[in-house]
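Structures incoming, each one as structure tokens.
In the two complexes that follow, chain A is the common piece, with chain B as its partner first and chain C second.
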Partner chain A sequence: MTPMKLLLVDDETDFLNTLLKRMQRRNVDVQGVGSGESALAWLATHATDVVILDVRMPGMDGIETLREIKKKFPLTEVIMLTGHASMEVAIEGMEMGAFDYLMKPMDMDELLYKAEDAFKKKMIHEGKIRQMAEQLR
Partner chain B sequence: MGRLQHFFSWFKSQGAPIDEDDARVLRLEFQSRYHQFKLLLNANNQALEIMTELEQAMTGNVPFGMKFIRSRTMGVYTRVYQIVKHLHALAPGKYKALSDRLEAIRLSLESMLITQRPVETTGPLILPFSILDKTFADQAGMKMASIGEIANRLNVRVPDGFVVTAKAFRLFLEQNDLKTEIQRRIQSAEEEGHHQLYTTSADIRRLIQDAPLPQDLEAAIMAAYQELASRRNREPNMAVRSSALNEDREGASFAGLYHSALNVSRDHLADTYKQIVAAAYSPAVMAYRFSRGLADEDTEMCVGVMEMVDAVSGGVLYSANPMNIRDRSVIINSAWGLPKAVVDGTTATDLFQVTKSPALSITHRNIAAKEKKYVCYPGEGVCRLDDTGQEMKRASLTDRQALDLAALAVKIEDYYGCPQDIEWAIDQSGEIILLQCRPLQVNSDAPAPLPPSGDHDDRPPVLFQGGITASPGVASGPVYRVMKDVDTLQFPDGAVLVTDRALARWAALLPRASAVVSEKGGLTGHLANVAREFRVPALFGAAGVIDRLSGQGQITVDADDCRIYPGQVRSLLDISDRPPPRNLMEGTPVFELLEKASELIIPLNLLDPDSPGFKASNCRTLHDITRFCHEKSVHEMFRFGKAHRFPERSSKQLRAQIPMQWWVLNLDDGFRTDVSMERYVDIDNITSMPMLALWAGITAFPWEGPPPVDGKGFVSVMFQATQNQALLPTVRTTMANRNYFMISKNYCSLQSRLGFHFCITEALVGDRTTENYVSFQFKGGAADFNRRLRRVRFVKEILDFHGFRTEVTKDALRARIEQYDAEIMVAKLKILGYLTIHTRQLDMIMANPAMVERYRVQIQKQIDAILAVSHAPVG
Partner chain C sequence: MNRNLPPLSPYYRSLTRNMVLLVMVISFTPMVLVTGIILDQFSSSHHEKVFAHLGELVLKHKQNIDSFLDEKVQNIRFLADSIDFDRISQPGIIAEDLSRLQSAYGTVFVDLGVVNEQGQQVAYAGPFNLENAIYADADWFKKAIQSNYFTSDVFLGLRGSPHFIIAVRKTWQGQKWIIRATIDFLSFNRLVEKVRIGETGFAYILNREGQFQTKPIFDFTPTLDIYSRYFATLSRMGKEVEIQERLDGAGVKSLYVSALLKGGDWLLVYKQASSDAFSDLHNAQIIALVFFVLGGIAIVAMAVWMSGRMVRRIATSDKEKEIMNEQVIETGKLASVGELAAGIAHEINNPVAIMVEEAGWLQDLMEDGAYKNEADIKEFERALNQIRTQGKRCKEITHKLLSFARKTDSRIEDFEIGHLIEEVVALSAQRAKYSNVELTTRLEPKLPAISASHSELQQVFLNLINNALDAMDKTGGTLEISARQEEGQILIGVADNGPGIPKANLARIFDPFFTTKPVGSGTGLGLSICYGIIQKMGGTIAVKSALDVGTTFEIRIPVKTDDTVENRTVVSASDTCN
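Right after this comes the complex of A and B.
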């Protein structure tokens, strides 16, 4: 299996940097950007498997960003992160196809397990699509 | 998914050349389903954990706020939402009613959480003790609400004072944007590891102490102090104590970790308030929170400000023995001066033990040489003195005072309905003043260090000790062992249900059981949940208990103390007749909201998976949906082998020593090395744990060949054979003698058609015990229906004996067994492997009782031999 490529999106620079550092220490292939807009720009030029997305950001918020990601890169899996509990936002996110929804501060291991689960889902999904494409040829 | 199925049928119609494509589709399909199944189980476990948290909050002994309710409700809803999504993926379109039920529950929950926004943004900054009671627990913290309740409801003397509320705390943190800053630092502390904790803690505390108090807040604190001073006709010094909202949460007690400041003068009140708030971020508290997994957000610091008592003597008392839950005598620790000497444990203390029955009397008195004492400085602060005078060796309490303290303890314990931990002082006038009070943490594992109080001499020697309290209480009844479904049929009313696993399906027995004892299981399973709902005492995780209880009749289960006694222990049963602990949060708006929300979350109505009412449209709570989906997901997952055609040409033939053909398809990680270019695979190259177990059973004993058939049996076979060509050994079809394994490391599906009967075994066996599962189906035969039926019953009896859950419909047998650890599952699979081979053609002899008996004995003997080998120590 090819290694998983992650993208972290959060406007809180400190949070973003510590998370990046911790993940890199575990040899995770991960990048970070500070806004929804730059996330979309990054995705347009870099293959990415799983996006970890903060819900509350200035400019494009998490939900808007999720909608755009799912529109432009439907195979990319998205895990939402939030600092406060809102059922409406959680449900909206999952109905728009977010893989899961985690509350900050979250456990680092838990986040990585989630990312791995999301990645596995993407691999399986892509396998099925390849299969269909071959059959249709 | 629908489209995919379309493709399936399209491939099939094309025949053999695309067999490899079939195999690839199948592999993907398997991996996809298996992944969905695992995600579903994860979400299932998380949902149950949150439900348990909610349920513990419902006992009302733990203060909580709106934030708790919102986050837990959201947490449990999103987990259940995912569970349903995964089940839909496993079985598209099959359980549509679930979505409607889930949506209905969501709408009700949302309307509750949106329309009611109590206390969060309202409420005063200051609450005087004079109006305080338990209903203020979510504003004043548990500790202070408790003091108010005792002072105002029980007329016990407490110092005059007031509370700086949770609202004030939030105001303080928000005004200075401290909250974000603190969060940031905590995140980075988690990242840097524990060695960074000290610097981070120091940074955060400095941040808090350097931040100015909001003007409104400072003014409110000073106004409250001035009011108090005018009531007292002087300007007294104060004690300032933390009263955090999540303090003393069961199993996560912050006892002693938060801070108290003693003898603080008027001028330093505001600074001291900040100091106490800052103590929520001391290294000890932060380390504790990390280790307990408590979110920092859950902590809201309320602060009590109370008049300093210039104590002659003081200390701590327990209204029951903390080292022994069943010793109800009052234990008093006392020293000269402030109780600080006792609380900190810095000096030897006097110990009094007071029995409660028949009347209060001192049973034990141990007067120590108390070398240190704490007193108030006249100006501010406290000082520690070396006490060398005569006072040092004198008792710091008179007997009268000890008895008065015990009476106070009994009064408060009776009021709250559970043992209490009380800090007290005796002032210059000799009067008792209560300073702090909270539920006592009792250590039930520790042996009792004190002499028994004589309260319950009828306790016989313990039969069993250990495990965890899954549901509290004491009950007595006859032992009744439930290991398999058939045992439930004769379950007597009022019996103690003794089992090896805390399976959800035993829940149906709980209304009739007096207590439940299980070797496995924890606090958060379905069964524990239902036991608490029905108030049936339950002791889980009691390893070895089945052996201990074998041969016992009547027993008494003391779930609180994790002990089991023979017979009926009257004194213990009397204790359990006490009223349940008083609910401290009851009556608060947040508690009412929790109650309402919980009704849609916690109750489990779908108890029996075999009843006709067990269906999606009957799910009334999130727990129902969780239970339903769990049951159905297992069912859907383990239909895989049956629901999919085996792609023969992509499979490998197993190189085997026995004269049968075995084919293996690797679905994921079932082979050690890649054999894609070869025709055969060796058994050594198989990693699949369940397949290897089956194989060990298949090859354990050589098959003796068909049983000697009597005339009638042979005629029966011939007759059937004319009806069905495939049954004739001479007519070879591809299906007749081939056996198919589909495997991954932890999964195996075996379809075998040996001679005239047909078995399907599916198994998932790995380290996650709760996911382990084996199902077995057995059908067919060459003899007439009656003989086939007898054989099916013959196999059923063997499987029942080995703990399988079995079911016979016509001449088909289904058996399953689940949630045992890998070692046990491997043993069960060996039995199935053995039976697959050795029940061949036994239908022919089923009309001959002597032969049946001979085979029964032989099969049992050989299974015993297989199991004995597997249990022998390795090497």
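Right after this comes the complex of A and C.
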């Protein structure tokens, strides 16, 4: 099984960097970007399994980014990071196809656990597609 | 008024006074006008009626008296024609004539005499012993000898009692003869005496010298010049009756109705005190006055009572409205604080998340036991510094919130507005950042102090900024808050370049409960509260908006008048609570 590829999107650089360091120390293949726009740019050029997306960002916010990701990369799973007061946004995101949401500040293990779940879901999903393609051949 | 009620403030007292005055003016004006006009009309028509009546009366009596005198003259002339002057001096002849006269015309004729040209009474019949009396020097004789017939004034004459004479001149055998008869004064007097109206109305007759020709019922001395004026007026004007109203000798306002008698020699005067003549009018006036006074008292009482009640009610409803307003403002304040709290929670979440991550990172490092080498220690230090930095960030946020929350009472203070605007802008900065709004301020330095409630003004700006950010949430934009001094006012502009407000909504945005936000998102109270707060401060708030260009709210707040205070936030906390 190919290792999971993660993308972390958050405008708060300090948070992003620390989170990246911690994940990388756990040998997670993770990259970080600072905005919705750069996330889309990254996805366009790099295969990514799970995107961890902050909802509140200046510029293109989390919901818009999610919409774009689901449009352009429908198989990519998205886990949203929200603040307490934006549960409505979390619900909106879930309705738009996000895999799950987490509230900041979150537990690293929980985050990775959910990321794994998302990755597994994606793998199963892709497996099915592959099987169907093979049967077709 | 009810003594249990608390005294009203000067504002309500003057309101009551104005209402009382207004009600009284409105009620009294028509009442005075109507009463006045009616009384005036009634008075003039009554005067006319009285004048006409008295004129008629006097005219009738004038004719009566004149015809009485004429008749007497005719009687004597008739008698004179049958007198045989040869035999007249014989005894008994004249007595026979007198008795014929008296039997034919009553006892009006007292006596009868024949006087020759020399003034000697050649024959006499009557109660007095006047045979051969010499009248050559008597006034009446001198006048009587000049004309065919003559009626004298009343005089005492030889007999020493008032009487007057009717004389007829005859010419016989070249000699002039005077046949004279004396008219019974009492029966003549009766003609005038019976003219009696009311308590003070009576009549009398004067001659041109102002001497009474009748005995007036009330004893008084006539004022000569006035009567001579009557003579003059009546003969000049050709009027038959003259009516005047003037003060009499005793200072009583009286009516004088006069007519000429006896070819202008005598004046018949009817005199009556005005108050008596117009007693009906007086009664009507007194009744009107009584009703006027009673009505006036009723109006005043009603005005005072009603105004008092109404003002009480106004005061009560004002108080209720004030309480309601306060509650609405309080509700609005809570709503905006709630909105603020959501923003703050977000803002505080970020540094907390960073701290949690850093702490987690440190834990990771320690778990690996990798805290011995140089690089790891550096990493430790960096992480700890980061935690400290983020902790400070949290502290700043909570301080901002606290400084906001601390000033939630609505005491009136004097402060400079710039600082307050900066505070609110700082609170909203994070929200603006996430809405992609560039939030800027352009504040003129050293603005004069204004007198206002700190927390209420905070609420105004918070509301305006929140609205602008809501409007530009999707699009982003710029929001500039400016403050400058202009003609004793501070002019604050909150200008965004958002989507603008449609014309249809523009007129209603300050109405309570008007909102364009979906149900549950907005109370529709924000701007109406802003409006109320600014109005209460004596300022104005206005809005200009163009679609796709932006919206500008313009607030004008009067500068505190007594002294300009520079850049001090709180000068003095006044004790007056409003």
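Following the convention adopted for this analysis, the second predicted complex is superposed on the first by the 136 of 137 C-alpha atoms of A that agree within 3 Å, B and C clash if a C-alpha of one lies under 4 Å from a C-alpha of the other, contacts with A are read in each partner's own complex, and residues count from 1 in each chain.
Quick note on the criterion: a contact is a pair of C-beta atoms (placed from the backbone, for glycine too) under 8 Å apart; a residue touches a chain by one contact, two chains touch by 3 or more.
Since the model is a prediction, treat every value here as computed from it, not as a measurement.
For chain A, the partner touching the most residues, choosing from chain B and chain C, is B. In the superposition on chain A, contact of A:M94 is made with chain B only, not with chain C.
When both complexes are overlaid on chain A, the residue A:K120 reaches chain B alone and has no touch with chain C. Touch criterion met: A:M108 reaches chain B and chain C at once.
Once the two complexes are overlaid on the shared chain, A:T18 sits against chain B and chain C alike. Of the two partner chains, chain B is the only one touched by A:M132; chain C is not. Within chain A, the residues touched by chain B in the first complex and by chain C in the second are 12, 14-15, 18-19, 21-22, 83, 85-86, 104-105, 108.
For chain B in complex with chain A, the residues that touch the partner chain are 3-4, 7, 10-11, 21, 24-25, 28, 31-32, 35, 38-39, 42, 67, 70-71, 73-75, 77-78, 81-82, 85, 106, 109-110, 113, 183-184, 186-188, 190-191, 293, 295-296. Interface residues of chain A facing chain B in the complex, by the touch rule stated above, are 12, 14-15, 18-19, 21-22, 83, 85-88, 90-91, 94, 100-101, 103-105, 107-108, 117, 120-121, 124-125, 127-128, 131-132, 134-135. Taken together, the chain C residues at the contact with chain A in this complex read 342-343, 345-346, 349-350, 352-358, 360-361, 364, 368, 383, 386, 390, 433-434, 436. Contact residues of chain A toward chain C in the complex are 12, 14-15, 18-19, 21-22, 25-26, 56-59, 61, 83-86, 104-106, 108.
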